[in-house]
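Common to both upcoming complexes is chain A, partnered first by chain B, then by chain C.
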Partner chain A sequence: MSRVKSLSVALGLCLAAAGAVHAQDAAPVELKLWHAYRDSEEQALLEAARVYKEQTGVQVTPIGIAFGAYSSKVETAVPRGNGPDLLIGAHDVLSKWQRLGVVEPAGEDSTAYRAGAGAALELEGKRYGYPLAFKTLVLLYNPELIQDPPTDTDALLAAAKAHTGGGSFGLAYEATAAYYFAPWMHGFGAKISGDDVHLDSPELIAALAFARRVGMDEGIVPKSPTSELMGSLFDEGKAAFVISGPWFAAGRKRAIAAIPLPTVSQTGLPALPFLGVEGVFVAGQAKHPGEAAKFAAWLAGPEGAAIRQELGGQAVAAKDAPPLPDTLETSVIRAVLAQAETAILMPTDPQLPNVWEALEDALRKVMRGAATPEEAAKGAEQYRKVLSRPPPEAANPVPYVVIMVLVGLGALVWLCLPLRDPNVRQEIKNKKVDYLWVFPAAVAMLALVVVPFVAGAAVSLFAHSQGEWTFVGFSNFLNIVLSRDWPVTSPLSFYYTLVVTILWTLTNVFLHVSIGMGLALVLREPWIRLRGVWRALLIVPWAVPNYITALIWKMMFHVQYGAINALLGFGGEPAQIDWFSSFSMAFSANLITNTWLGFPFMMVVTLGALQAIPRDLEEAAELDGAGAWFRFRHVTWPLLKPALLPALVIGSVWTFNMFNVIYLVSGGQPDSSTEILISEAYRWAFKRDLRYGYAAAYAVLIFGVLFVYGRAANKLAGKKVL
Partner chain B sequence: MAGLTMRGLHKRYGETHVLKGIDLEVDNGEYLVLVGPSGCGKSTLLRCLAGLEEISEGDLLIGERRVNDVLPGKRNVAMVFQSYALYPHLTVRQNMGFALKIAKRPTAEIDAAVDKVAEQLELVPLLDRLPGQLSGGQRQRVAMGRAIVRQPDVFLFDEPLSNLDASLRSHMRVELKRLHRRLETTIVHVTHDQVEALTLATRIMVLNLGVVQQVGPPRELFNRPANTFVAQFIGSPSMNILPAQGDEKGIVVDGVDGAIEHHARGPIELGVRPTDFEVTDDGVWSANVDVIERLGAEALLHLELGPHKISVMVNEPTPIEMGQTIRLQPRVLHAFNRDTGVRIPEPAGATS
Partner chain C sequence: MRQPSQSRLILTHVGLVVFTALTLYPVLWVFRLALESDAGLGGGLLPIPRDVTLDNFRNVLGTTDSHGWLFGKQLFNSIFVSVLTALMGLVLSATAAYSLSRWDFPGRNRAIGAFLVTQMFPGVVMLIPIYILLDKVGLLDSLLGLALVYSTTSVPFSVWMLKGYFDTIPRALEEAAALDGCTRFQTFFTVILPLAKPALAVVALFSFMTAWNEFILAATLMGDARSYTLPVVLNGYVDEYGADWGAFAAGAIIVSLPVMALFFALQRYFVEGLTAGSVKG
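Right after this comes the complex of A and B.
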């Protein structure tokens, strides 16, 4: 009786819920807008949405996504229909987004835009998106220090020099990043996009030499500045000039002014930065494309622009935005707008990432003094050529498929061979239930381990270029193993990286084990007080997520502001060791960081293993006259070994693939020489032309190396060699 | 080979005072057995002798040398641990030769020494095995062998036989005795088994709560225990102790009829070993048989003597039945001060 009643109640609730859903259909539309804005720009966007709702009743919900994750989220979610109605993005990703179906062509739009803005969002004669704002580099300065900002580089260098010293720097900018190098490049007449790109042109060499002079020789620029460092220098009044964009001006704690970049005195040409045009796009598969287009036009138009200019501090593209008064507050926006008129639109050339990678490589070498501008430019040109080499010839997949099928069948037959034995068949029948129990785990293993592995391995047989996949058979492997693109001694060759990886693994494991074991042995000594406290403290490095530790160490290794150089100064002037300028120093920095991360595990394992060794064995040895070392060597160590060996194997595999530390601490510097196989594979997949197939081949080779190592370690352990 | 001298030896672990002033001379070639109840400090004393524990106060001499601050390895003593402490990853041969290897003796010499001892202890067929592949008794012999190979000045044994079964233990007792006779090395042997003590020792030291109760040859400890503790600890089954009063007429046990002639006066504790009774119709005491334990050649009677319970050993076969009342005559009496438990000495000239 009561069950029937509750059933009917539940039914009623369901119906009511269905009614509610139905009622919502009639409710006003809600537009979802994805963006990667922060701080004041995000505030402005929210305000614009509020005003728009008041005027039209249409609800716009901006959803902020972390800058680093933005494009990958957009590119995976939108084509699958899981995207929003509107997207904010820059013009240089447009062609990719259009190809992936992320964006729709723009609808009606009566707004007039400043020169270049509209054209930036055009593709094959069609306009996509509505231009919002310009992003480019300008010369920012501290108006309290600089009254009369320079308009050519000689004057800039002189003024910067005058404001350098006593912990202050005349000029702060990311001297080793290609984006910040671009103005000098253009100022010397070099170019990096178009049909006829040569990185070893005399113009580029001159630009590199100039960059070196500004960034290093004059001594006016702080070393390896991050945006946080530059920000705090500026806020403390310790940076007179900063080359950066409007994003730097946002949230500064002191007055800031800006003018367009100066002309290069040597050539008389202006130092022109790259220009980015940001737009709002109607997303592919938007739920309400019509409404979305209306809002986009409004946001880009005079009303939206006014809010973005006023609240967000944006250099807006709309012509009819309210005029800007000639005050200090608007100085940065006005400088960006002025610069936007001459700046060079960031090319969307598919080869650009390769040029970029090669250029940055050259720039770092020159800055470090590892190469003259001529050598660096020559190397960069070679590197660029290899990177932009077309993918390997397509191969005929038929023989591969035949071989795969045969191997697969062979494996299946081999697995089924024992079934010929009637006893085995009977055994399986008897254990039917047991197999049932194992079944879910087997399916999970298949889905989570085997399938991804096979899929990943399959990718290694393809080449990926500009979104096209070509079956190339074993070409990727042959290129890597035969080192066709580089001499074996180049940091980019597989063998160089393999040797570095092995060295990395050996040194790490040696240090982890010896430090971990040493501490465990000391912790066991009877004279140690507060044993528990020490033990807990020593485990802490392991408990902290390793990327946090890696970032902290990276900061501590900073050449000017790092704690390590300060300590090495022994109370006096900090040491001036540039930790990332030579292989041995950068490798040591990585090694120190990873040792810090790695010893606690070995210590814990050793402490556990020591518990199992009776104390009287060592006492017996002591009575037999053995010294501490002999006791360790002939009693403790042989008994620890069996417990330590598995930890050693695990530890070495972890270290072999310790991506986080390499990526975050040295980042492969200098010149990719401290890269290990796994981080090298990452660079091929995501930093150098999206060569997924090539990277997958690296991954398969890494697997092969570790597989052989694992087998060998097992064999050696079995034979008691280790 | 050397003797041992302990002078006012104290051992403290923080607040815990474990050894409270041990004074003892052990002559060269003596077999000293250390007995006492669990936790009385036997192992601690032995470990102090070995150097594994630091001595808190007092002096320790091996031969003429003060060794308080000498490292264990330099004292030239060999220890057999209760757990044997054989190195599990080394063969029997390597275990036995370990100390010589540390001393950097030539391989040939080590092999010869190991072979000789292995022969004596019948270990030759086991030389290439690992300790894990040996029985308990074999491990015990290897541990002995490892100590013997070193030819130390002093052997220290910490309950070496306690992990063996009864028959193996009695066999090994004989072996130890033989070994001592052959090597004539000073041995300090810790046990809580008083049979082991009585059979092996040239002298026994009884320890209780870190204090020496009595030191002497087994016979003396058995015949003239210095106090009630030693009296009850040495000898099996243990001595009956009864409260009694002594005067001119003799000793009368509290609540029991019948006086026995004795020189002690005043309130005392009277001790009689179960083996020192005679069951006879003209016995002075009358007792009720409560339980009879038949042990084969002998029977142990548990009797009610007035308000007290005593045990009496008689030879089998015996006609005595449970529930019966019998008369008893104690033959050897030990008298102790009732307050201190110390033995009341016999008058000069008297012998027991």
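Right after this comes the complex of A and C.
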């Protein structure tokens, strides 16, 4: 082991040295630029890079990274020196990036920016990054349907109502997302950042009630509108108004216009959205920081801005961008720039993610009708308090280190116990060669599976908050196991999720085995025509990658346009089942998807097992007049059982940790109630304020549960199956 | 066994047709989305495309960047990583499974248990440690590093299956080979491995699939678009900022076809390879 390790370290050093030599070469400079742009914004970036190369000879290579993976990738790679030279990001991640060493302060910059743009990228009096563009919500509309866009909400609702019906909707927006709720919130005078945040304030309750009216009661907004759904509705002329940002306008297939959001008629206050200021940053540990800063300044400056405005449709931050004529084509950019002047800069308050999570939870409850605005607001306030509680007290690591060392020694002693026997020692000596055969696999597993897991598990003894790690001992475990943060019956408690996970595993395995076995019993009959064809077609679900089919199923479960509801309408009007609004329906949707994915494995296993079972026993039973069920129960099943048991146990372990289906189909909705342990752990690690320690404790508990289960399965089966 | 009655025969076949149709329904939807020019609103019951175009396939297959044919490079990455994973997985698991099946050395049972216990590790916490580890040994952003990680994730299941299969091969064969003067290694290569072909095929396919379908590790460990594997690319078509379902579906078909082809080609091995061990062993 140690030799392999030192070898690989040496290898690593060699590679690093080779890299260093390479960097010193007088090769032409190439700047790498990471971004999460798509479509026209990406095109504009590529064009800017091309122009810049023509002017200066410096090659800039923009590298697009999927939006969902962007921040985690930046935060892991850049601090370890594996990042690019330049990064594009919004001002609200700046303080985190600065703390992690992801970004460098900006250099000299002669560009004049619009009000607020430069300040948004400042931190402790220093400016990081060069402002590129504003991102905010505006009221987009179809100019063929709307000639005179409304400036208050009463007029908006009336106009939207007039354009609803016959498959068309007056207004489309993501009514259950906190970002889209923010304008109403500000329009009612509520706020969610600062010292004195209360989510149960009367203003917020009024805003929730209003959101419910707009999003549901008026019937003018399509249900569960995803951005692609809104896009196609708009392109087909079936959406009069859309509340969204400049990104929505990119690539639309019909004319689109925009104005700033209306005032809320009830209060007379403008509905102000949050404002994001996007900038380009010189990355920490950039290979060519000087050249990178030059390009960044150029990209943010008038020349770069002209390209981004013209090709990318960006509302650029530079003042000296080409003037925008008063035409339909520039309508969206002009609206965004106008809105940017009044919009509220997205707070960089470290508590914001917690407030956000609580708020969105309340919003979804209100939209679904599961709670009144008052109840939801009260719940949200409680939820916020728990989420934003400071991490557990720091603990003294010494006793823990002692315990760990003792446990480790104990395990070692236990492993070496058989060595006391001289016969065993002799045997090991004699069979040295045997160990060599297991050695490669054991080393690989140790290095790439066991070590990462132990390292990951060790994180459970720490708390992570805003980039700082504190040693907290077993606090994370105690909080989870004693359910200190929530009542046991809350969907966020460990026990609730454990029960759901067990229910999930049991129902899945039962359906997998019964459907798989049923099909296998039918398909083995010699009188079935085209046996090979059925068998080949029925294993298709297993062959298609499961993230693909999970996404397709998610789409088929859509309440208004999904194929499942159409199917349940039996040719008539589609059924109106909202699959993700109640636990039982959402759980069923997950279950249907995973049953579909899982039965082929059991079918194939059963077919194999059946081949080994002689049929004469069954035939004898049939001659004796035994019925089909009796024959199955007393002849076939006892013979099948030993063969199926291992597959069943391993299948149940897979199902227990089946992350993809839960995450992609129901996503835990409603209110995290359909989450299973593994997806809950993921949420704690990556969605809820990066509580890695808490998530790691979850992971250790998952392992514990499965370990106990494996032991029990061995006992029950009477032999080693796991 | 008696020939079933006519009505039972018909009913069973009708049932099979209906069940198979339901099973294939989502897959047919993928085809519809891939073939439509405007795959947006689900709309409707039947997965029959409203218009047929190959534009989606053209768009997915034809992506380029400043270095040339981007899709080609990504396809190469996927094939390279998956084949390498299958090979390394086979070497690692076959040797281990054989020794665990044949020889009773001290610690053997613990080793078998240990392999299976690793199946219970939740992957969530392992991502960042693996990243740091590969970074330290200089295998970050390398196809070899990615294949190494993948092959270890498939090893436990492979060892479990192969051991089951090796258990069914009578020891008399090895004894005969030993009498002929074969070393253990020669016996393993010339006698055992050829006999274990069905199980080896299944194990190779599973390891291949692990690598072919994975995207979270690949997205984290690989540096840029030129080193991505196809699942990462595919996932990029549907993210929070909008979705290109047509491109996603076309890509899904391109990604799934090789696996399906392998599945059908190796199908006859499946039944035997998957269960022989547990039935007879």
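As a working rule, the second predicted complex is superposed on the first by the 687 of 722 C-alpha atoms of A that agree within 3 Å, B and C clash if a C-alpha of one lies under 4 Å from a C-alpha of the other, contacts with A are read in each partner's own complex, and residues count from 1 in each chain.
Assume contacts are C-beta pairs under 8 Å (C-beta built on N, C-alpha and C of every residue); 3 or more make two chains touch, one makes a residue touch a chain.
From a predicted model like this one, the values you see are computed outputs, not experimental measurements.
**Q** Have a look at where A:Ala119 lands relative to chain B and chain C in the superposition and call it first, second, both or neither.
**A** After superposing on A, A:Ala119 lies clear of both chain B and chain C.
**Q** For A:Val522, using the defined touch cut-off, is the partner it touches chain B, chain C, both, or neither? Pick first, second, both or neither.
**A** Second partner only, chain C.
**Q** On the superposed three-chain arrangement, identify whether chain B or chain C touches more chain A residues.
**A** C
**Q** Could you say whether A:Val407 touches chain B, chain C, both of them, or neither, answering first, second, both or neither?
**A** Neither chain B nor chain C is touched by A:Val407.
**Q** Contacts for A:Leu506 in the overlay, against chain B (first) and chain C (second): which applies, first, second, both or neither?
**A** Once the two structures are laid over each other on A, A:Leu506 reaches no partner at all.
**Q** For A:Glu619, decide between first (touching chain B), second (touching chain C), both and neither.
**A** both
**Q** So, A:Pro452: does it touch chain B (first), chain C (second), both, or neither?
**A** The second partner, chain C, only.
**Q** Looking at A:Gly64, would you say it contacts chain B, chain C, both, or neither? Reply first, second, both or neither.
**A** second
**Q** Under the contact rule defined above, give the chain A residues that sit at the interface with chain B and also at the interface with chain C.
**A** Overlap of chain B and chain C footprints on chain A: residues 619, 622.
**Q** Touching chain B in the complex: which residues of chain A?
**A** Residues 614, 616-617, 619-627, 630, 634-635, 638-639.
**Q** How about chain C: which of its residues touch chain A in the complex?
**A** That would be residues 1-4, 9, 12-13, 15-16, 19-20, 23-27, 29-30, 38, 40-45, 47, 66, 91-93, 95-96, 98-100, 103, 105-107, 109-126, 128-133, 135-141, 148-149, 151-153, 155-157, 159-160, 164, 184, 212-213, 215, 219-220, 223-225, 231-232, 234-236, 238-245, 248, 252, 255-256, 259-260, 263-264, 267, 270-276, 278-280 of chain C.
**Q** In their shared complex, at which residues does chain B touch chain A?
**A** Against chain A, the touching part of chain B is residues 50-52, 71-74, 77-79, 81, 83, 85, 87-89, 98-99, 102-103, 150.
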